[in-house]
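Below is one structure; the comments refer to it alone.
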Amino acid sequence: MLRFPKGRSAKTGFEPGTPFFIGTKNDSKTTLSIFAYDSKSFTELSSLSQVLRFLNEGKKIWINVDSLNDLSVLRSICDMFNVHSLVLEDILNTQQRPKAESYDDYVYFVLRMINLSDSETEFEQLSMVFSKNFLLTFQESPGDCFGPVRDRLRKGDSKIRNLGCDFLAYSLIDLTVDTYFSTLELIGEEIEDIESVLLKNPDENTLRSVHSMKMELIFLRRAVWPLREALNSLERFDARVVSSETKLFLRDAYDHCVYVIDSLETYRDVVSGMLDIYLSSVNNRINEVMKVLTVITTIFMPLSFIAGVYGMNFKFMPELDSPFGYPAILALMVIIGISMLLYFRNRKWI
Amino acid sequence: MLRFPKGRSAKTGFEPGTPFFIGTKNDSKTTLSIFAYDSKSFTELSSLSQVLRFLNEGKKIWINVDSLNDLSVLRSICDMFNVHSLVLEDILNTQQRPKAESYDDYVYFVLRMINLSDSETEFEQLSMVFSKNFLLTFQESPGDCFGPVRDRLRKGDSKIRNLGCDFLAYSLIDLTVDTYFSTLELIGEEIEDIESVLLKNPDENTLRSVHSMKMELIFLRRAVWPLREALNSLERFDARVVSSETKLFLRDAYDHCVYVIDSLETYRDVVSGMLDIYLSSVNNRINEVMKVLTVITTIFMPLSFIAGVYGMNFKFMPELDSPFGYPAILALMVIIGISMLLYFRNRKWI
Amino acid sequence: MLRFPKGRSAKTGFEPGTPFFIGTKNDSKTTLSIFAYDSKSFTELSSLSQVLRFLNEGKKIWINVDSLNDLSVLRSICDMFNVHSLVLEDILNTQQRPKAESYDDYVYFVLRMINLSDSETEFEQLSMVFSKNFLLTFQESPGDCFGPVRDRLRKGDSKIRNLGCDFLAYSLIDLTVDTYFSTLELIGEEIEDIESVLLKNPDENTLRSVHSMKMELIFLRRAVWPLREALNSLERFDARVVSSETKLFLRDAYDHCVYVIDSLETYRDVVSGMLDIYLSSVNNRINEVMKVLTVITTIFMPLSFIAGVYGMNFKFMPELDSPFGYPAILALMVIIGISMLLYFRNRKWI
Amino acid sequence: MLRFPKGRSAKTGFEPGTPFFIGTKNDSKTTLSIFAYDSKSFTELSSLSQVLRFLNEGKKIWINVDSLNDLSVLRSICDMFNVHSLVLEDILNTQQRPKAESYDDYVYFVLRMINLSDSETEFEQLSMVFSKNFLLTFQESPGDCFGPVRDRLRKGDSKIRNLGCDFLAYSLIDLTVDTYFSTLELIGEEIEDIESVLLKNPDENTLRSVHSMKMELIFLRRAVWPLREALNSLERFDARVVSSETKLFLRDAYDHCVYVIDSLETYRDVVSGMLDIYLSSVNNRINEVMKVLTVITTIFMPLSFIAGVYGMNFKFMPELDSPFGYPAILALMVIIGISMLLYFRNRKWI
Amino acid sequence: MLRFPKGRSAKTGFEPGTPFFIGTKNDSKTTLSIFAYDSKSFTELSSLSQVLRFLNEGKKIWINVDSLNDLSVLRSICDMFNVHSLVLEDILNTQQRPKAESYDDYVYFVLRMINLSDSETEFEQLSMVFSKNFLLTFQESPGDCFGPVRDRLRKGDSKIRNLGCDFLAYSLIDLTVDTYFSTLELIGEEIEDIESVLLKNPDENTLRSVHSMKMELIFLRRAVWPLREALNSLERFDARVVSSETKLFLRDAYDHCVYVIDSLETYRDVVSGMLDIYLSSVNNRINEVMKVLTVITTIFMPLSFIAGVYGMNFKFMPELDSPFGYPAILALMVIIGISMLLYFRNRKWI
């Protein structure tokens, strides 16, 4: 959602660890969806109070929170799982760089979901707190792309039910990175469109498109680039919270992330090259216009001058009285005009 | 305060370790505020002479010095806490890069406070010498943003009273970094303003705004960039002077600092792109003006030439005597003019 | 084949490890060629069912798969050699960066073959799964450059028959890198062509050539750059799958790869410099055209003005009645014209 | 002194370790100043022959050599202290990058002194060979900035008399780095001057100033940048030749050096930005000039055309005979002119 | 010799380790010069067959091969010293980056000799295979700069006779790097020439000089840059093939190489700055030309218009009949002209 940092300064002066929402507020209501599952069972819980019981029965728990507006709900969830106050503070700060932080019993992971709307890319922060037997996810607003994971959880014959919550967290990260590819493809198409316009008939709107594409890429890069490091450090975390099997899959997600970054860099190079081309082709057209102007001026100025000479009112201008004066001058003008044209054709100006 | 280094050369030739003020002098008087506290008590001392007694009672001491003009006061404070002469020299040099230096019993940390005034950013150097049981802070001039920390110290139920002076130092660093965010937000707004002007109606003032914004960012970057390394090395210092609990919080401050640097880099990219756009759009407008000139010239030069031809004074010009000469020529001129216009419309010049 | 990522987003939501073709489909039929060999024998098998028998006899097996369209064939091959589902997923994703991944018993290696067609470079992905006694290669479409290796295999007196399949894999990698050199040479020639045009008679087509060359280099670099890292990590893999003798040769392939990257970087610098030259020379020509225009205008405007003055119809203009008026004015005009010409020759405008 | 390498090629072919002067010769005579001191005494020796006696008495020796012209003197000094022939070769090569080299019993350190003259920066190489009990310094020409150190040596109550020659060497390095600050300040002022001209009334001289400033910074950077690494490696040398106390001070010199490099980088960014501004503002002025031209042309071309039409000599032009023809046409001309002006004011061209 | 890679693709498909000449063939005959020496004796051998005998007597052997055309000779030399087939392949490939490769008993080192001819830099590859008791050198064509080393070998009182062939190899490397300095000096002079033209009277030839200088630097950099790494790795090789005494001298060669790279980078910066200046000064001159055009147009257009008005043929134009009409109009024209001139002088256009 955020491009330039906003609203962060309001927090200045509060004690470190104070939960404080930073970012652009929306008016959605905080809603929870709670899943308790193991390899054999799957239950959708309706309230937080049931969670501890299922947890004690050895079930794995996934609590997804949509909207960060109700602080008391967030606080009670964090208390339930002994989450550090600095983590809650981070969850509420929706302007963070993607990062992975290891605490004693759990991992805090934050990344950005990208939603491509009509005009410009929108970012939504996704915070995750997970261990092997629980996963908490916090989104800024309702609506996400996790439907396929929920379906696989419900079906029950899937790997996702047998492995720990670290694998569930990986699955969500993987899905999020997958959505980056849609963005990449859309941008790729847009760039190809702009490029074809650029090489045919560029105008000031093309310049504006190139500029806004460049800005878009700057912000996208900023959202994706630190994810690489975050995924990398996740692979190095203790096996107690991230199993070695999950790490094998994380290597895959890391590869995808590198591919996305790589593509963004390529796009940047392409767009950068387009700006150079634009500037060169504008100068080219200035040159073309200048040539037309110069050709016209160079042909008609001498001709008009000759006409002007014979428009002078001197009493004694012998040419004026000759009956061949007029046709001779006309012929002279035609000759001058044609030789000028030939000269310019020779210099390849026309 | 400083953009380009100034006044530093006056020190050349003095023995290393000689205290010598470097920077821009102000005329404020050196004033002290001294706090002695532990988890149960809080006292505001009125003179330096009381400090040692409170220190021996196990109280933690924070001495804040506003203005570096009174060298004797600085010297007596440094002597009281056995601070190395090189540190005093550094405190008096207000043109330093942020850094953290470890000495046997204490840490020297220096960073820059940013005050956004109307026209341009102002920097003020903040030097800190701290250990677990004392903190010395030195500011160039009175006025700071540490009110919230002082309030929390006074209130007494806060974490800041229970933990060592390293945490107090962290709190001040954190507050200082927090104020960077206000600067970021203001710059972000200014950039958006410039950008909207740039895409609509850029003139030479826009160019000047972009230029001064770019300069501003260069100086800001220089003030913030080394802080990252300084905070990082603080995290690696001996646990005797910086406790592991404080280090957890320092990781948070480090994250904020990285975020600020990241935003500054993004701003640089954006402003850089704006300069390209400006140059391209100026050339575009040259092209537009050239087209107008060329269209006008190309239409009226031939017409004026025709008028000139029939303004010649030759005796024998049969067209002049024909009663249809004048309307025929007028018609010809209209046809030429209109066909030129059509031609230019065809080439999309008008 | 691919420049910008395409078709990748269709996979979003599938379980990790699900085989799913990503890229641009072609309609070629999946065909296999299976070689079983050791130092003494060489057999070309006709069906997959014979493979296991030969493998058990201690023969080395190379299965080459052209076209990825028949998923069932791919799956049965992977099952036969216990290849992980993530690898099959990667084989089907034809939009990967070159990489080397080590699994317990085998190595997965992916790189890009470059086919230079008329207009633009085409990329085809080559996936390899190999161990000491088997090699699986997967290509997007029929047709490759591996003929020489097949010939050497058939001949039987070659090193390739005596060493393990890791050496066979190296031979294919080496051949692929060798074909990069043809591409380098062709690009080098094209760049020299463009440069000679650029320095003589650049027009807008030159600009387009430079631009498309730049784009070409961006995509080539992207295909080759990660191969360096992949080859490097291959050298560090366990000696059980890559023998030390093969590693000596891999160092050679690594050197070639570095040379290719180095050349691509040089090309980039050269093409970049060409754009600067183009822009400068366009501005130069604008300057030339401007000079012509200004010379013409500066000569004829004053002359036409003089003619205009003596075309005025005032009753009392004494010059008009003088018999020397006309020749005097003509002489004046010639003098003005010539002195203007001399002035411009002096300023080196003509 | 040197900007581009010169005279170095004359050495080609000589045996490595052959002493051979490289650089720009001056005609100063080689002079020595020899100090022998310890914490209690200070003697200024008049000839080299006395040196060994004082050295054996446990005195510390500083020999400063001005001008490298007398090779025999240099050789006898080097022999006296068993200095390696490669070091003597390096001392005579006045075109070196700053570096620190550790030999068994001594350190070779070379850096560049900067003398700001009127027109451009001059560099002079300072070579140092030092151990704990002797320091040899070699300068290209007489005159240096080491007066303060000599005074402190003479005074005798200073730290410099008690510590080893490594501290004396540090003091000279520190002084040299201090003089860099004068250079920085002068450049800073010059840049501010150029910038204020640039934003008000830039002409081709401004361009030349920016260009030569840029060149100056390139050469300064080259002289200072490697010093950072040299100082850093000095801190890691064996404690036998560089004491840990001196290393604490070297950290300070290292900080100053980093600050200088940092400022030079900032200057580069600023000057780079100035070039962009210059180019943009030249194009801006082209645009302004073009507008004036176009306004004038667009107003007077149609008017002149109308005048031309009524200057035609057709027999039958009814308007000419009307008594209102002339005032009507004049009115028409005024209307056309004013509406043109309004049009251009509307488009903000005037 | 080579700028862009050429002829490399012909090798595609050959077995790795196959000797195959790559590069630009010359028609020189392969000639050998063979030296056998130790500290006491020096013999110049006439044929390869004598080599083994001298080698067995403990003599050190240097075989220099000029021209790579006779493959059989190269092969017999390599066989004699048990050189790996990959090394022979590399010797024949004259398009390599400088590198150092360690084999069991010897080192393969390759670098590029630079010969400055009239128009452009030429590169020649120098391959070295050496151990402590033999050195093989392979050059593309006859003629080199190793005369001084041969002289020192013959003289016999030199260090080169006493130390191993690794020192001999170093001496040749050192000489080659020394010749780089001549190139540096020549380029430096050329750059200064171009710069002085650029600041006085730049034309399109200046642009071409700058461009070709830039290209030259790109290729030089490519030839020298990897040498740094190669020399560095040579210093880390086993003491069995490179003695520690030679390594001390290699550090010196490494310093020289770094100095050369450093200078090339500085040149690049300088040339880069020159392109900016060129572009700016072209635009400046466009601006100057435009001003002349605008001044002329602005002065004469209104004057011509006035003349045109009084050239109209209306019957009733009262001014025409007044005897003061003509002088009044002339006076008006002079006033208009002069005020225009003053206006432009005021705006500093003339």
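In this document, chain identifiers A, B, C, D and E correspond to the written order of the chains, with residue numbering beginning at 1 in each.
In the analysis below, a residue touches a chain if its C-beta (ideal position, glycine included) is under 8 Å from a C-beta of that chain, and two chains touch if they have at least 3 such contacts.
Owing to the predicted nature of the structure, the values given are computational and were not obtained by experimental measurement.
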Any chain touching chain C and chain E at once appears in the list none
Trace the shortest chain of touching neighbours from chain A to chain E and give its length in steps.
2
Using just the Cα atoms, superpose chain B onto chain C and tell me the rotation angle to the nearest 5°.
145
Distance-wise, how many Å sit between the C-alpha centres of chain B and chain E, to the nearest whole number?
42
Quick check: how many Å separate the C-alpha centres of chain B and chain D?
26
Enumerate the residues of chain A that touch no fewer than two other chains.
279, 283, 286, 290, 293, 297, 301, 304, 308, 311-313, 317
Listed round the ring from chain C, going first to chain E, the chains are C, E, D, B, A
Over in the complex, which chain A residues touch chain B? Could you list them?
3-9, 11-17, 86, 95-97, 99, 101, 204, 207-208, 211, 214-215, 218-219, 222, 226, 275, 278-279, 282-283, 285-286, 289-290, 292-293, 296-297, 300-301, 303-304, 307-308, 310-313, 317, 319-323, 325-326, 329-330, 333
Per the touch rule, the chain D residues reaching chain B in their complex are 145, 147-148, 152, 158-160, 170-171, 174-175, 178-179, 181-182, 184-185, 188-189, 191-192, 199, 248-249, 251-252, 255, 258-259, 262-263, 266-267, 269-270, 273, 276-277, 279-281, 283-284, 286-287, 290-291, 293-294, 297-298, 301-302, 304-305, 308-309, 311-317, 349
